[in-house]
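Chain nomenclature is as follows: A, B and C, assigned in order of appearance, with residue numbering initiated at 1 for each chain independently.
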Amino acid sequence: MSDVLLSTRNLHAFYGNLQVLHGLDFSIATGGVTTLLGANGAGKTTTLRALTGMVRTRGDIVFGGRAIGGFATEDIARLGIAHVPEGRGTFSRMTAEENLQLGAMTRGDRRGIAADIERVYAYFPRLAERKNQQAGTLSVGEQQMLAIARALMLRPKLMLLDEPSFGLAPRIVEEMFVILRRLNQEEGVALMLVEQNAALALELADQASLIETGRLVMAGPAQDIGRDENVRRAYLGY
Amino acid sequence: MAQQDISFSDTAVRGLPSVEQNSWALWGTVLFLAVAIALPFFLRSFVVFQLTLAMIYAIAIIGLVLLTGINGQFSLGHSAFFGIGAYTAAVLMDQFGVSFYWTLPVAGVVCFVFGFLFGLPALRLEGIYLALATFALAIAMPQILKSSLFEHWTGGVQGIVLIKPDAPFGLPISSDQWLYFLTLAIGLMLAVCAMNIVNSRTGRALIAIRDNPIAARAMGIDISLYKTLAFGVSALFTGIAGALSGVAIQFVAPDSFTFNLAIGLFVGLVVGGVQSIPAALFGGLFVLFVPNIAESVSKGLAGAVYGVILILVIYMMPSGAAGLARLVADKVLMKAHRKGPR
Amino acid sequence: MDLFLHQVLAGLATGGIYACMALAIVMIYQAIDHLNFAQGEMAMFSTFIAWQLMQWGLPYWVAFVATIVISFAAGVLLEQTVLRPLHGAPVLSHIVVFIALFAILNSAAGFIWDYTVKPFPTPFGTQPLFGQGLMSAHDGGMIAVTLIILVLLYLFFRHTRIGLAMRAAAANPASARLVGIRVGWMVALGWGMAAAIGAVAGMLIAPVVFLEPNMMISILLYGFAGAVVGGLTSPLGAVIGGFSVGVIENLAGTFIPYVGREMKLTIALALIVAVLTVKPSGLLGRRVMTRV
């Protein structure tokens, strides 16, 4: 497809002395949607954490032509990678709108931020209704929407989504995936998606990678991966 | 300072000690005992007295290990239990002519009751709020001891002068040496008791409450009971230590049991290692000797030197002396393993 | 009744001191999530710096401002040098380091400026406000300054971006990093602000209790008590808590016969524990919910 936005070479990641990733090589295209499949404990969440410097890593990570391996999390965020973490990472005692303000913390343009907040509300009308409500009191679905909205406020080139459908009602999940597709197409944000719901993820993605115990075992166009016999049996259930 | 973020290293997860570790521990204990028994015959009586005090602090710190390290509750008020123990012994001896030896169990029981009762309202409090409540206790204790309400027994600000017991059965040792051995014996006994508590069902319940109160409740552990019990038992240890200290120093006065003592015990707990019962001895030695060392470095800046030593100790041994010892032991064992026949 | 009112007024006057200290305590609690036991000593040290500057001939307000600036810088520096290496260490280690700082500052102040009691000037004057011996102009000024700081803090935390970032960094450091907040700097800033507020508290308190290395110890205790009663998460709560502790202490001393005067402190603390047992997160504190 188009040019490479992010690529890793021989990426290792550790929690303390425990090694979780054992040399991953993959890349994400500018404006593309990549999904990372794998069983529980395969290292999907760790991969996302490695990309934003939340765990100790070894190996190369290149983002937008720049080596960011070993960078501090906040510096990586400032370069334009927005990570929507597992469990959403909402600032639960602040209002929804304050959460959005926080999302734009790296930016200085007051007017641009105000405009972006309005734009984000257009994607997530429910958040506009609840903007002065404490984030912790929102429903799980609304909190997930808020987390995505907050990530969007960074004006990211790449958004990392960790299990966005977790704990959500099917109807909400569908709604969210529609919005994710629109974000990808209208805003040009590249997405990297870790999902339990592999069928849905493969539908949205154009590229897919499969990891097992911290090693990449398969990568390619999402359609091909979705057709693979083993993947289907293990992750799609048919 | 919320209870949950007191991060503990994972002894509970480390599983049972290996055979090698056990034999190492055994040899260590034998060596320690040999040295501990021999020491008083080679040292000046003042040093023997100091070592006795260090052991007494260690006993009090064991109480804190049970409360903080094992049960995850936090106390800045153990000077109060220490004081109650000391005064119980002193009043019994001074007013009622009770023999010193009998005052020890009584002091323990009295402190257990006080600790248990204090634990009841403390149940509602967590982390920082519990810290404040215990802290209030520490502040209040000297005032209560000074109060004219109890002056009749406590002697008010003057305190009570006590007499050291002589060695019984005509043993050819000084009273300082006798008290040293007595403290050593009581300390060892209490340390063994504490270790048994930790390894018992009760201990596992206490640890479960520390690590995950909600899960512990779900397993059917009566959290309130165990938490108040932990407070009581912890106070018991500290109270016995207090009673011993009163006799060792031969004097009790309200201002010996201020917040400074609570801080001292707390520092001893942390530099030793919050979860280790043997390391309480290191804590006790630290509490007693480091301020003296600081003073010998600079009289005017003793406090500053003490503070700097404290900070350096925390930097170098983030999980206390016990943590450092475990690290070294692991390294040594690893090496032994690699060289070994396997 | 007259006696009662008088004692309440006198209590408010001393309560102003505690409120000031409690505010500084809550401030740092917000920024670092710990109670800083060395806070009182930091304030005391700052006050000595102000005294020294005035000894060198600076006018009061110049020394006042200079001390705030110096204290702010010192707070930031302290965080960056002494506390940074402790990042991720257990809470108990932090507390020990606070105790160490306490010892260092106390002993250094005694060494540099010795332990003799020194008078400290007040910019508000000492004439009584409401009749003899109740509340002086200085007490009034101190309360006013406390309230002004409270308002400024409120505005700072609610309506500035950096205040928002500081709150976020304290509440959820991991998420704060993900949105690009430099959490380390926010913590250092929190220390700086706490040191600066402590300096103000110290300079306002010193004319009442006189300047000496141990001036802050009992005030810190009351400040803690006030902060906890008010709820550690709420600056307003801290101020209210501080005033209540002052009033309770005074009333207990006057009206509880026999025991009251001797055990003023004990009674105040017992009351505080009682309040906490009924309302474990303080008067205005937020109840923190834990999920499994």
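Assorted remarks:
The rule is simple: a residue touches a chain if its C-beta (ideal position, glycine included) is under 8 Å from a C-beta of that chain, and two chains touch if they have at least 3 such contacts.
Since the model is a prediction, treat every value here as computed from it, not as a measurement.
Shown here, the protein chains touch in a chain-like sequence that does not close on itself.
With centres computed from CA atoms alone, C is the chain lying nearest the middle of all the protein shown. Centre-to-centre, using mean CA coordinates, subunit B is 32 Å away from subunit C.
Rounded to a whole number, the gap between the C-alpha centres of subunit A and subunit C is 43 angstrom. Averaged Cα coordinates give subunit A a centre that lies 50 Å from the centre of subunit B. The touching residues of subunit C, counted against subunit A in their complex, run 161, 164-165, 167-168, 171-172, 174-183, 286, 289.
Against subunit C, the residues of subunit B that register as touching in their complex are 1-2, 4-8, 68, 121, 124-126, 128-129, 131-133, 135-136, 139-140, 143-144, 146-149, 214-215, 263, 266-267, 269-271, 274, 300-308, 310-311, 314-315, 318-319.
Remark: subunit A residues 52, 54, 72-75, 77-78, 82-83, 85, 89-94, 98, 101-103, 105-106, 136, 150, 154 touch subunit C in the complex. Interface residues of subunit C, counted against subunit B in their complex, comprise 33-35, 82, 85-86, 89-93, 95-97, 99-104, 106-108, 110-111, 221, 224-225, 228, 232, 258-259, 262-263, 265-266, 269-270, 272-273, 276-277, 280-282, 288, 290, 292.
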